[in-house]
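Okay, so chain A shows up in both of these, paired with chain B first and chain C after.
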Partner chain A sequence: MKLLDISGLSVSFNTLRGPVEVLQDVSFDVMPGEVVGVVGESGSGKSVTSLAIMGLLGHSGKITSGNIALSGTELTTLSEEELRALRGPEMAMIFQEPGTSLNPVQRVGDQIVEAMTEHAFCPPAEARRRAVELMDRVGIPAPDLRARDYPHQLSGGMKQRIMIAIALACRPKLLIADEPTTALDVTIQAQILNLILDLKDEFGMGVMLITHDMGVVAQIADRVVVMYGGQVVERSEGDALFTRSAHPYSRLLLRSIPSASQRQDDLPIIKGTMPAAGRFPDGCRFHERCPMAMAACALSVPPLNEAGPAHFARCFRTEAIDELEALA
Partner chain B sequence: MLHYATRRLLGLTLVWAVALIVTFFAVRAVPGDPIMVMLSDHAGDAALEARLRADYGLDRPLPVQFLAYIGDVLNGTFGLSYRYVGSTVIDVIRDGMTITPLLALSALFIAVPLGLFFGVFAAVRAGSWADTGIILLLVTFISIPSFALAALLVWMLSLKLALLPVAGWGSPAQLVLPVTVLVVGPMAVIARLTRTYMLEVLDRDFVRTARAKGVRENRVIWRHALGNTMVPIVTSIGLIFGGLLSGAFVVETVFNIPGLGRIAIDSVLARDYPVTMSIVLLFTVFYSLINLCVDLIYAWLDPRIRFDEAAA
Partner chain C sequence: MTAPLLKLENISKRFRVGNKELAAVNDVSLDVAAGETLGIVGESGCGKSTLGRMILRLTDPSDGAITFDGRDITRLSKRAMRPLRRDIQIVFQDPYASLNPRMKVGEIVAEPLVNIGMKRAEIAARVAEVLKVVGLPAESADRYPHAFSGGQRQRIGIARALAVKPRLIVCDEAVSALDVSVQAQVLTLLRDIQRETGVTFVFISHNLGVVRFLCHRIAVLYLGRVVEIGTEAQLFESPQHPYTQALLSAIPEAGAGRRGRIPVPSGEIPNPINPPPGCPFHLRCPRVQDRCRSEIPTLVSDAGGQAVACHFPGADADSPHQTLEDKRMTEGEAQ
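Then we have the complex of A and B:
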């Protein structure tokens, strides 16, 4: 059974100028024990998708259509209290900014303990012992001493390890990692990613890894979802997206990975910027920036077409994708 | 921590010494000869005048008078009252010394929890009708002068409904109106501050983390969010306490309560300067001690404030 099954998910936020749709018809799934990479620029809807799954959209955000099923349980119809009970034991999340994601006036050990006691996961004394074990497992030296530290006494990498320990406290089945290494030093980034991968195998979790780093996804993801302008523009299994990418946006993103072996005078860029939610153009949302755009692209939204086995792309010109090299 | 507290106490003694010097010279600097005021009808009786001057020590040089004043403060008499001939200052203010702190502290202990509650209540409903209603009410409470509120409450609750005594001191019923008048303003100020700080904190990442790990919403709000607004709120509570002490002047006068505030006002009107200045001295000590407590509470509230590093 699918661990996470998102289908046709649309989300709107209420603003002063009325509702703005930030996610449109997003569908993908995560199987137990696999890593699904969700890639895209800032504002593409990656984080909103994860908050929608967690039920943390807040007062102004609303799921307008679609379904989210977690281990077969439909989340969109659950009450706030029912969702709360799932956050922690069923699904957990780690965030981009470890520096600000921990409560500054609570000891880090207590923050891990709280994740367990709030769900009556185990008795408080055992939670305390488990918290130290978890800190040891995520690679914090002298965990019994560090448990009494406050967040400001720890480095960024250590704080992110604490965040991971909090997320894993109740042995969740789904871990959402929202750009977990963006705010960290490069040397620490690899350590944290490897830790997440090791723990995934150990705990048998499914991982939804949100990132804007194609390189990271290429290394560790079993499947890839590329988002642009609140839509899924390409979705594939394994290496297909990297070897035979079928959407111009994904191709251009892949080309923008700097290569150490190849001397480049200029890093390739994608011209223009992604429009803010609510200001997307008609038709394909990428057509204004796309070197391959034709008249039809501005008229109607392309559907997610099959581009290969378990490989879908939202583009009218997938057949001609190889022309991109000549154009850009 | 202990080191810091000692250091701060030493600093405070300096503040108190300055207050001591200022009050002493202020009394001597005010125009008018207190002995001539006392003599009134007997003006011209040189023997009596000389005796009075000797009794009050006013015939000695200023430095000697100052040393004597320090002695009076240290032995707790605070010198002699000009108005009540033969009484020491402490005799005049002794009863008031328990009344005013009692009023101010009980008002503080009611205003703080109420203010926190309404501030949090409004913040978690930001933008709703309940929030707007509470804000309007708070602005009214902040704007209304305490003497006007006192008059209004006396008219309504004492005169029209005859529920509470109009004024006086001694029974618990007589406490209700003065404490209410004292509570309203500070409570509204604390509530507004709490609402503002809460709105800011509720948007912070660690609140999202708490929710993401399935912490119950009540605990998210009261423990994680409110816990992180306490430092600025406690700072303002220290300042608000000064307002409560001065508010006691008005309230004690309106409700005819024999506290330090009313004694101070009476002593000003009667030119009993030693009494006035002793009360100023006492308020200085009281206010500075409260603010020392506030600073010490910081360390307990926010581990990032490192007193020992600051001392090094």
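Then we have the complex of A and C:
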């Protein structure tokens, strides 16, 4: 059974100028024990998707249509109290800035304990023992001593390990990681990504990893969702995105990443920038920047067309995608 | 060989932290030739930004000498430095924090021109000229920074640096805050500007892909020391220092068939207030021997100009990155 099943999800935010739609018709799923990478640039809607799942859109955000099912339970109709009961044991989230997500005036060990006792996951004495175990498991040296530290006494990498320990405290079935390594140095990033893979295998949880970094996706995602302008523009198996991406945006984006493993003489340029929510053009939201665009692209939103086995691209011209090389 | 445009000799910077001393930069020597881009890479706390600030004399070195165009500028007073501000400019990381929100873009770009005493009429022409160079429409001059995206703001920052026709621009993480598609635009812009004007760049970054695209030579810093320096080809094709090798292999690269765990040194960068004795990297180094724990390795240069500070330098057998020799062999086999 699918662990997470999102279908036709649309989200709007209330602004001074009226409601602005930031997600439109987003659909994808996560299976148990699988890592799904959700990748996109600023403003693509990838973080809003995760907040919608967690029920953390706040007062101004609203799910206008679509469904989110977690282990078969529909989340969009739950009360705040019912959602809170699911956060922790069923789904947990780690954020980009571990420094701002931890309580600065509470010992880190206590914060892990609290994650368990709040959900009556286990008695306090056992929670205390498990917190130290978890700290050891996420790679914190001398965990019984470090448990008494306050967040400011720890490095960024160590704080992110604490966040992971808190997220894992109640053994969630779904872990949502929103840019978990973006603020970290590259050797520490590699350590944290390795850890997420180890923990996923050990606990069998599903992971939704949100990132702007195609390299991170290549390293840990079994399947990939590419977002642009609040929509899913491509969905595929991990490797298929890199060998035969079927949407012009994904393909150009991949080629515009400067590589450390080979010298590039030129980086292809995607002209312009991603439009902000509320200013998306009619038709395909990428058409104004797309070298392959034709008249029809400005008229209607392309559906997610099949581009291969388990591979979909929101593009009218996906069958002709190889023409892109000559045009770009 | 012609004299370098910028020469750093045994530069150190120590800060007082409580009653202890922190050596942010430790005995760094570097040459930058006119028209080249020198990359300075390393992780947080390695001293790369402090080094950049010292080149601009925004921070004074504790020891060592900085020579610009043959002139010792290490101890120049603020007043004496002023004419040199025309020659050395900087582009900062955060395009949101480095532009005054209450000044129009035209005023921001004109400010360094006013500072060098350029005439009003000439200023307007020069502002229009540099805005064009960085790919911004002329009417941008009358708008405020908030009206621009991150990428456009970084173009404004570059225009401001270019306005006075500097000979050297220090770019401190200049593309790090930008999305990939915008980053590609700005990197290409920087490279084209260099090709047209011959300006010299010192390009400070933690992103090795970006550095490989833009830089001719690269210095790798760890705990305030240069651990390796070489040309782009030397450093990326045949890194000799185990830290350079670790950095390169820790980068997740976009591509198929790369799923899985990355081999990476355990542990974290030591606290610079309390650095380990001996080689700064020895606590995390897979090749560590007794000598590394007590003796600081010096930077030794080979015939090709690649220099490495390691007691046991050499290609890493476990590294996914081939040495140049391996590469030639496999290419030979393919033919």
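Note that in this section the second predicted complex is superposed on the first by the 321 of 328 C-alpha atoms of A that agree within 3 Å, B and C clash if a C-alpha of one lies under 4 Å from a C-alpha of the other, contacts with A are read in each partner's own complex, and residues count from 1 in each chain.
Keep this in mind: a contact is a pair of C-beta atoms (placed from the backbone, for glycine too) under 8 Å apart; a residue touches a chain by one contact, two chains touch by 3 or more.
Predicted, not measured: the structure shown is a model, and the values here were computed from it.
Of the two partner chains placed by the overlay, neither chain B nor chain C lies in contact with A:Val22. By the touch criterion stated above, A:Leu209 is placed in contact with neither chain B nor chain C. Once the two complexes are overlaid on the shared chain, A:Met227 sits clear of chain B and of chain C alike.
Shared-chain residue A:Thr187: touches chain C; no touch with chain B.
In the superposed pair of complexes, A:Pro104 makes contact with chain B only, with no contact to chain C. Between chain B and chain C, the partner in contact with more residues of chain A is C. Once the two complexes are overlaid on the shared chain, A:Val11 sits clear of chain B and of chain C alike. Of the two partner chains, neither chain B nor chain C is touched by A:Ala246. Residues 54, 56, 80, 84-89, 92-93, 95, 97, 100-106, 114-115, 118-119, 150, 152, 163, 166-167, 169-170 of chain A are the ones that touch chain B when the two sit in their complex. Against chain A, in their complex, chain B makes its touches with residues 204-206, 208-217, 219, 224, 227-228, 301-304. The touching residues of chain A, counted against chain C in their complex, run 41-42, 155-158, 185-191, 193-194, 197-198, 212-222, 238-240, 242-243, 252-254, 256-261, 263-264, 266-270, 273-274.
Remark: chain C residues 43-44, 149-151, 179-185, 187-188, 206-214, 232-233, 236, 246-248, 250-262, 264-266, 268-269, 321 touch chain A in the complex.
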